[in-house]
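Consider the two complexes below, in which subunit A is the common component and subunit B and subunit C are the respective partners.
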Partner chain A sequence: MLILALTSLLAPLLCFALLAVVEPLRRRGRLAGRLSALVAVSSFAAAARVAWMVLVDGADPVTWTVHWLVHEGQGFAPVGIHIDGISASMLAVVTLVAACVQVYSLGYMADEPPAAQGRYFAWHSLFIVAMGLLVLAPDLLQLFLGWELVGLCSYLLIGFYWRKPSAGKAAVKAFWVTKFADMGLLLGIIALFGATGTMSWEHPPAGIWALVVPALLFVGVMGKSAQVPLHIWLPDAMEGPTPVSALLHAATMVAAGVFLVVRAYPLFEAAPAMLTFMAWLGAITALVAAVTAVVQDDIKKVLAYSTCSQLGYMVAALGSGHLMGGYFHLTTHAFFKALLFLGAGAAIHAVHSNSIFDMGGLWRKTPVGAALFIVGALALAGVPGFAGFFSKDLILEELLHAGHLGPLLLLVVSAGLTAFYMTRVVAIAFFGEPGARAAHAHEAPWIMLAPMALLGMLALVGGFGGGLLAEAWGQEYHFAVTPVGVVTTLFGLAGIGVGVVRYGTRTWTGLTLDGLRGFILSGPVDRFWDSAWRRGLLPVARMVGWFDRYVVDGLMNLVAVAVLKLGAGVRRLQTGRAQDYVFAVVVGALLFLAYGVVGG
Partner chain B sequence: MDHLLSIITFLPLVGALAVFASPGATARWLALGVSGLTFLLSVPLWFLYDPAGTGLEGWHTMQLVEGPYPWIADLGISYMVGIDGIALLLVLLTTLLTPIVIYSSFSSVHEKVSQYMGFMLVLETGMLGAFVALDTFLFYVFWELMLIPMYFIIGIWGGPNRIYAAVKFFIYTVVGSLLMLVAILALYFFHHAQQGFWSASILDLYHVVLPYRTEFWLFIAFALAFAIKVPMFPVHTWLPDAHVQAPTGGSVILAGVLLKLGTFGFLRYAMPLFPQATHELGPVIAGLAAIGIVYGALVAMVQDDIKKLVAYSSVSHMGVVMLGLFSFNTEGVSGSVYQMLNHGLSTGALFLLVGIIYERRHTRLIAEYGGLATAVPKFSVVMLIVTFSSIGLPGLNGFIGEALSLLGSFHAHPVATVVGTSGVIFGAVYMLWMVQRVIFGPLTNQANKELTDLTGREILYLAPILALIFVMGLAPRPFLQVMEPSVDRVLQQVNREVDLLAVTESAAHSGDAVRGAHGGER
Partner chain C sequence: MTTTAGLAAGPGLHAWLLLAAVLFCIGIYGVLSRRNLVAILCSVELMANAVNINLVAFSRFHGDLLGQAFALFSVALTVAEVGIGLAIVILVYRARKGIDVDELDLLRG
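After this line comes the complex of A and B, so read on.
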C-alpha cells in the first residue's frame, strides 16, 4: 500500500523532472502531454487501489516518515506518507480529477505552440506531486510544504498566458493574497510548535493557544479556500487556461483549505468559538458569492463565484462540528465543478469567447457537451438524485443538529440562488438566441468529451458513494428525507423555475438585476483591497523610502562625521581624506606584522 | 595537511601578488585559477571536519586548529586559526563565491583588470582570515584587511557616484571597527588583570568575568561594529549606496560574504563574550531586527532600480538572520546560520543576474524592461528560481532558514516574530512585483528585443549556485548536522550566565537540601 501511494507521488515527480530538464522532450509538446497524461492516469490507478484497500478492505492506517531536519542531534520535522481513510480518499479524488483534466487538456491545448504545451504539462505534473504531498502529509509542516507548492503551481498556471498583462496581474494577485494568508498558517504552525513542541495536529495546545493556533491556521484556510474577504483572487485566477481552472481553482487546490480543517480537526475542535465563526463566515461567503454569481456574464466568472460559494458551504459545514458533510461535499463538488469547467471550456473552445451571450443556442450545435454541462448544473443546483443534492442535504442537517440556525438560513437561501444562476447560464448559453459566434461551433473532440463523460457519471451517481466515504470516519451514513432537505429542495426547484421563466421561456421579464449588477460589478471588496494597496501600502512604503533617504541616512551621516571628527581630530573630511585612512590602516597592519616577525 | 586552513587563507594573498604583476588578460585567468584552487583546497574541509568529533580542549567543536604560534609573544598575541561547523560553512561559501565573482567579472571589468582581480583575491584572504581567526587581534587585522580592497573596488570600478559610496562605506565601517578595537583592548586588559597573563585568544577571553556596566558598554561597542556590517536598521544606510555604486562583483561579495561577517561577529564575539548584556539587550536587538525586516521590505517595494531593490531586500533578509540569532535557542540560531548561507547564495545570484542584464542594456531601471521572458527565456527561468528561493518557497533553500529562524525566535520574542513574519509577506510582494514588471508582460521596448540570452560562461558560473539552492532546500540535514553541535556549543557559552541565574533561582525556591548540594559543588 505504501509503495502504491509512493508511486502515485513519484511518477508525476519523475515526469515533471523529465519535462523540466529534458528540453527536446518539452519542446515536443504533444509527446510531453501524452506522457504526462499517462502518468496522471497511472497515478490515479495507484491512488484508487490505495483508497480501495483502506475504505473497502479496511486496511489499517499506515504512516511512514523520515526526518527532514535535525534538532539537538535528533531527527526533527517528519516528512513522509500518512495513509488513512481521509488521505486515501482525498488522494483518489485529486488524482482522478487531475487525470481527467490532463486527458482533456490534450485536446484543449492542442493549438498552443508545442513548447508552451510542454511547459503546461510539466506544471500539471508538479501540481499532482504538490497536492499529493499536501494530502498525504503526516503533520502540519509537510502539509505547509505542499500548500506552498500548489500555490506556486497556481501562480505559474494562472500566468500561463504571461504575455497578456491581465494574466500576469492575476497570477501575482493570487500569489500575494494566498501568501498573506499563508503567513497566518505558518505563524499558526510556529505557535503550535511553541506551545506543544510538535507540529502534529493530534495534540491541541492548552490555554489561550487553543484558540490562537486554530485562528491563525484558519487565516491560511480563508486565503486558499477563497473565503470572504480573501476570495478576491479566485475570480481573477480565471485568466488561466480553463482546464487549470477546473483542476486547481475548482476541484482540488482551493479545497485544500477545507481539507486542512478536516485534517487538523482536533485543533479546531478545541476552540468552539472558532467553529461558530467558521459556520458564520462560510455561510456569509456562500451567500455573498452566490449573489455575485447571479450577475456575471462571463461563464468562467459565474463558475468561479459558484466555487467560492460552495467552498463556503463546506467551511460552514465543518463549523457544525461534524466532518462528514463538508468532506462529502468537497468530493461531489470536485466532480461536478470540474465537469462544469470542462464543459465551459468546451463551449469556449467552440465559440472563442467567455461570454454566455456569445454562446446562445449551443444546444443544437454541441449536444453532447451541452448535455454534460447540464448534468453538472443539475448536480450543483441540488436536484434530487444528483451528487450535489446528497452532500448539500447532509451539510444542512449537520448545521441544524449543531443549532447554527442563522448560517443554516443563509445556506438555504443560497441554495435557491445557486439553482437560479445556473439555470440562467444554461438557458442563455445553451438555449438562448444563437449568437454570431455560435453559428460555426463544433462539438469538442472525443478526447475532451470522454473525461467529461466520466465526470458526468460521477456527478450523477457520486451521491451514492456517501456510505463508502463515511468509512473514512468509521461512521454509518444513510440518506433520509427530512424537513430541512425538503425545504432546501423546494428552494432549489423554485430557483430553477424562476430562471426558466425569466431566461428560458421569457414569459416573465419583470425581474431585472440592473441595480445589483451595477453594485457588484463595481467590485466593492476588490476596490477595498485595491485602495488598501494604492492608498495604503504604497504611499506608506514611499514615505518610508523618503524617510530612509533623507532622515535616517542624513542623521547617520551626521553621526559618522561627528564621531570621526572627535575621534581623529579631522577638521575637514573630504573625499581624499578617506584614502589617508586606508593608508593608515595598511601601515598599521603591516607594522603589526613586522613587529610580530621581528619582535616575536 | 597540518596547515590546510592557513594555506587556504593565504593562497589568495600570495596569488594576488602575482596577479597584480600580470597584464590584464593573464591576470583574469590567473585570478580564476588561484581562487579556483583555493576552492578545491577548501572542499576537503567538509570531510575533515567531524561534527561529532572533538577538537580543541574546552571547545570541542573547534577543529583543524593551528597554533597558537606566538606572534607578538610579549603581548600574548598569537597566530591561531581553526573552524567550527559555522565557520566551515561560511568559509566554503566564501571560497565558492570568489571564483564565481572573478569569472563573472571577465566581461564586466575592462579597465585596470589586474588590480581588480588582485583586490578580489586580497579581499578573499581578509574574509577567510576573519572566519578562521581564533585570536582577537588576528581577527581584527583580517577585519581591517577586508576593508581596503572593498573600498578600492567600489571607488575605482563603481558607478557614477562611486567616491561618495566608497567613502561612506569606509567611514561607517571604520567607525564601527574603531569602537570594536577599543573594546577588544579593554577586554584584553581585563583579562590580564583577572588571570594574570596576557592573551588575546578568544578562548581565554571567554573566561573574563566583567562588572555588568562594563560588559554592557563593551557589548555595545562590538554590537555596533557588527550591526553596521550586517547591516541592521538604522545603521544600514551605507548599504544601498555601496551596492548600487559597486561593480557587480563587489555587490556579490558584499552581499554574499561581507554582511555575513557582521552576523558571524555577533555569534563568535559579541554574544558569547558578553552573555549578560546580550540577554539584557536581546529584546532591543530583536525589535530592531523586526523593524528592519518590515522597513527594508517597504523601501524595497518602491525602488525603481532593480539593484537598489535587491540591496534593500538584503536589509530585510538580514533582519531575519538577526531575529534567529537572538532567539538563544538551537532552532533559531541554526536557522539563522542557514539563512546566512541562503542569503549569500540567492542575493549573490540576484546581483549576478542584475549585472548580466546591465552589461547588455546599461540600465537597471525596472521601467526599461518588461517581457524579458520572450527575449531571454533562460535568463528568465533562472531569475524566477532565484526569486522564489529568496522569498522562501519550500523545496528551495530559503524556506528552511526562514522557517527555523522564525520557529526559534517565536519562543523568545513572539511579538517581534509576528512583525517579522509580516515583513516576509512583503518580501513576496516586492520580489514578485519586480519579476512581473521585468520578465512577464508584453515585450514592448525595442531595445530589449535584441538581447542575447545567457551565454555558456554565465550559465557555468550560475549553475553551482542554482544547484545549491535546490540541494539545500531539499536535503538540509547534512548542513544542519554540520553546524548544530557548534551552534549548541556557542549557545552554551551565550546562555551560561543565564543558566547560572536560573540555577540559583531554582535552588532558592526548592529546599535547603538542594541549596546545600549546589553549594557543595561550588
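After this line comes the complex of A and C, so read on.
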C-alpha cells in the first residue's frame, strides 16, 4: 500500500523532472502532453487502489516518516506519507480529476504552440506532486510545503497566457492574496510548535493557544478556499486556461483549505468559538458569492463565484462539528464542478468567447457537450438523485443538529440562488437565441468529451458513494428524507423554475434590480481591499521606508562620510617633500628633549 | 673633568659644545629651509662637522685620543657621503631638469 501511494506521488514528480530537464521533450508539446496524461492516469490507478484497500478492505492506517532536522536526539518535523481514510480518498479524488483534466487538455490545448504545451503539462505534473505532498502529509509542516507548492502551480498556470497583461495581473493578485493568508497559516504552525513542541495536529494546545492556533490556521484556509473577504483572487484566476480552472480553482486546490480543516480537526474542535465563526463565515460566503454569480455574464466567472459559494457550504458544514458533510461535499463538488468547467471549456472552445450571450443556442450545435454541462448544473443545483443533492442535504442536516439556525437559513436561500444562476447560464448559453459566434460552433473532439463523460457519470451517481466515504471515519451514512432536505429541494426547484420563466421564455421583464446589479459588478470587496491597501498598508510602508532610508541608511552614510573626511585630512600630511618629514623628525626630537628637561 | 695646565689658557669644554650645538642648529636650519639640493648637502656637512667638533672636544678634555681617531674616520665617511650625494644630485638634475627640492614630491599622498 505504501509503495502504491509512493508511486502515485513519485510518478508525476519523475514526469515533471523529465519535462523540466529534457528540453527537446518539452518542446515537442504533444508528446509531453501524452506522457504527462499517461502518468496522471497511472497515478490515479495507484491512488484508487490505495483508497480501495483502505475504504473497502478496511486496511489499517499507515504512517511512514523520515526523520530529519534532528534536535536533541529526535526529529521534530517528520516528512513522509500518512495514509488513512481521509488522505486515501482525497488522493484518489485529486488524481482522478487531474487525470480527467490532463486527458481533456490534450484536446483543449492542441492549438497552442508545442513549447507552451510542454510548459503547461510540466506544471500540471508538478501540481499533482504538490497536491499529493499536501494530502499525504503526516504533519502540518509537510502540509504547508505542499500548500505553498500548489500555490506556486496556481500562480504559474493562471499566468499561462503571460502575453496578456490581465493574466499576469490575475496571477500576481492570486499570489499576493493567498500569500497574505498563508502568513496566517505559517504563524499558526509556529504558534502550535511553540505551544506544544510538535507540528502534529493531534494534540491541541492548552489555554489561549487553543483558540489562537486554529484562528491563525483558518486565515490560511480563508485565502486558499476563497472565503469572504479573501475570495477576490478566485474570479480573477479565471484568466488561466479553462482546464486549469477546473482542476486547481474548482476541484482540488481550493478545496485544500477545507481539507486542512478536516485534517487538523482536533485543533479546531478544541475551540468551539472558532467552529461557530466558521459556520457563519461559510454561510455568508455561500450567500454573497451566490448573489454575485447571478449577475455575471462570463460563464467562467459564474462558475468561479459558484465555487466560492460551494466552498462556503463546506466550511459552514465543518463549523457544525461534523466532518462528513463538508468532506462529502468536497468530493462531489470536485466531480460536478470539474465537469462544469470542462463543459464551459468545450463551449468556449466552440465559440471562442467567454460570454454566455455569445454562446446562445449551443444545444443544437453541440448536443453532447451541452447535455454533460446540464448534468453538472443539475448536480450543482441539488436536484434529487444527483451527487450534489446528497452532500448538500447532509450539510444542512448537520447544521440543524448543531443548532446553527442562522447559517442554515442563509444556506437554504443560497441553494435557491444556486439553482437560479445555473438555470440562467444554461438557458442563455445553450437554449437562448443563437449568438453571432455560435453559428460555426461544432462539437468538441472525443478526447475532450470522454473525460467529461466520466465526470458526468460521477456527478450522476457520486452521491451514492457517501457510504464508502463515511468509512474514513468508521461511520455509516444512510440517506433519509427530512424536512430540511425537502425545503431545500423545494427552494432549488423554485430557483430552476424562476430561472426558466425569467430567461427561458423571456416573457417576464419585471424586477431587474439594476441598482443591485451595478453595485455587485463594481466589486465592493475588491474596492475595500484596494482602499485598505492604499490607506492602511501604504502609509505604514512609506513610514518604514522613510525610517530605513533616512535613519538606518543615514547612520551608515554618516560613518562612511566621517571616515572619508578623516582620510582626506590625514592625506594632506603626506606632502611627499623630504624636508617636511625631516621637520617632523626635528620637532619630535625637540619634544623628547623638552620632556627630558622638564619631566626628567 | 680633567683639567690640565695647557688647557687652562683656552676656552672651556662648554664653549666647544656650544659652538658644536650652534653649528648643528645652523645645519638643521639649512636642511629644512634651503630649496637647493646642493645647499642642503652643505648643511648636512655642517651638522656632521658639529659632531666632529664634539668628538674632538671630548677627546681633548678627557685625554683620550680615541675620540680624535673617530673624528678622522667620520671625516673620511663624510667625504664618501658627499661624493654619493653629489652623484645623486647630478642624476636628479638629469632626470628632472632641476634640483629644487619642492619639485621632488612624487610621494605626495
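Details
FYI, the second predicted complex is superposed on the first by the 527 of 600 C-alpha atoms of A that agree within 3 Å, B and C clash if a C-alpha of one lies under 4 Å from a C-alpha of the other, contacts with A are read in each partner's own complex, and residues count from 1 in each chain.
Here is the rule we go by: a contact is a pair of C-beta atoms (placed from the backbone, for glycine too) under 8 Å apart; a residue touches a chain by one contact, two chains touch by 3 or more.
Everything quoted here is computed from the prediction, not taken from an experiment.
Shared-chain residue A:Val22: touches no atom of subunit B or subunit C.
In the superposition on chain A, A:Leu2 contacts neither subunit B nor subunit C. Once the two complexes are laid over each other on the shared chain, residue contacts for A:Ile190 go to subunit B alone; subunit C is not touched. Of the two partner chains placed by the overlay, neither subunit B nor subunit C lies in contact with A:Val487. Of the residues of subunit A, those at positions 573, 575, 578, 582, 586 touch subunit B in one of the two structures and subunit C in the other. Taken together, the subunit B residues at the contact with subunit A in this complex read 70-74, 77, 79, 137, 141, 144-145, 147-148, 151-152, 163-164, 166-168, 170-172, 174-175, 178, 233-235, 237-238, 295, 298-299, 301-303, 330-331, 334, 371, 373-374, 388, 393-395, 399-400, 403-404, 406-407, 410-411, 414, 417-418, 421-422, 424-425, 428-429, 432-433, 436, 440-443, 476-477, 480-481, 484-485, 488. For subunit A in complex with subunit C, the residues that touch the partner chain are 571-579, 582-583, 586.
Those residues of subunit A that touch subunit B in the shared complex are 67-73, 144-145, 148-149, 152, 159, 162-165, 168-169, 171-172, 175-176, 179-180, 183, 186-187, 190-191, 193-194, 537-538, 540-542, 544-545, 548, 552-553, 555-557, 560-561, 563-564, 567, 573, 575, 578, 581-582, 585-586, 588-589, 592-593, 595-596, 599-600. Interface residues of subunit C, counted against subunit A in their complex, comprise 28, 31-32, 101-102, 104-109.
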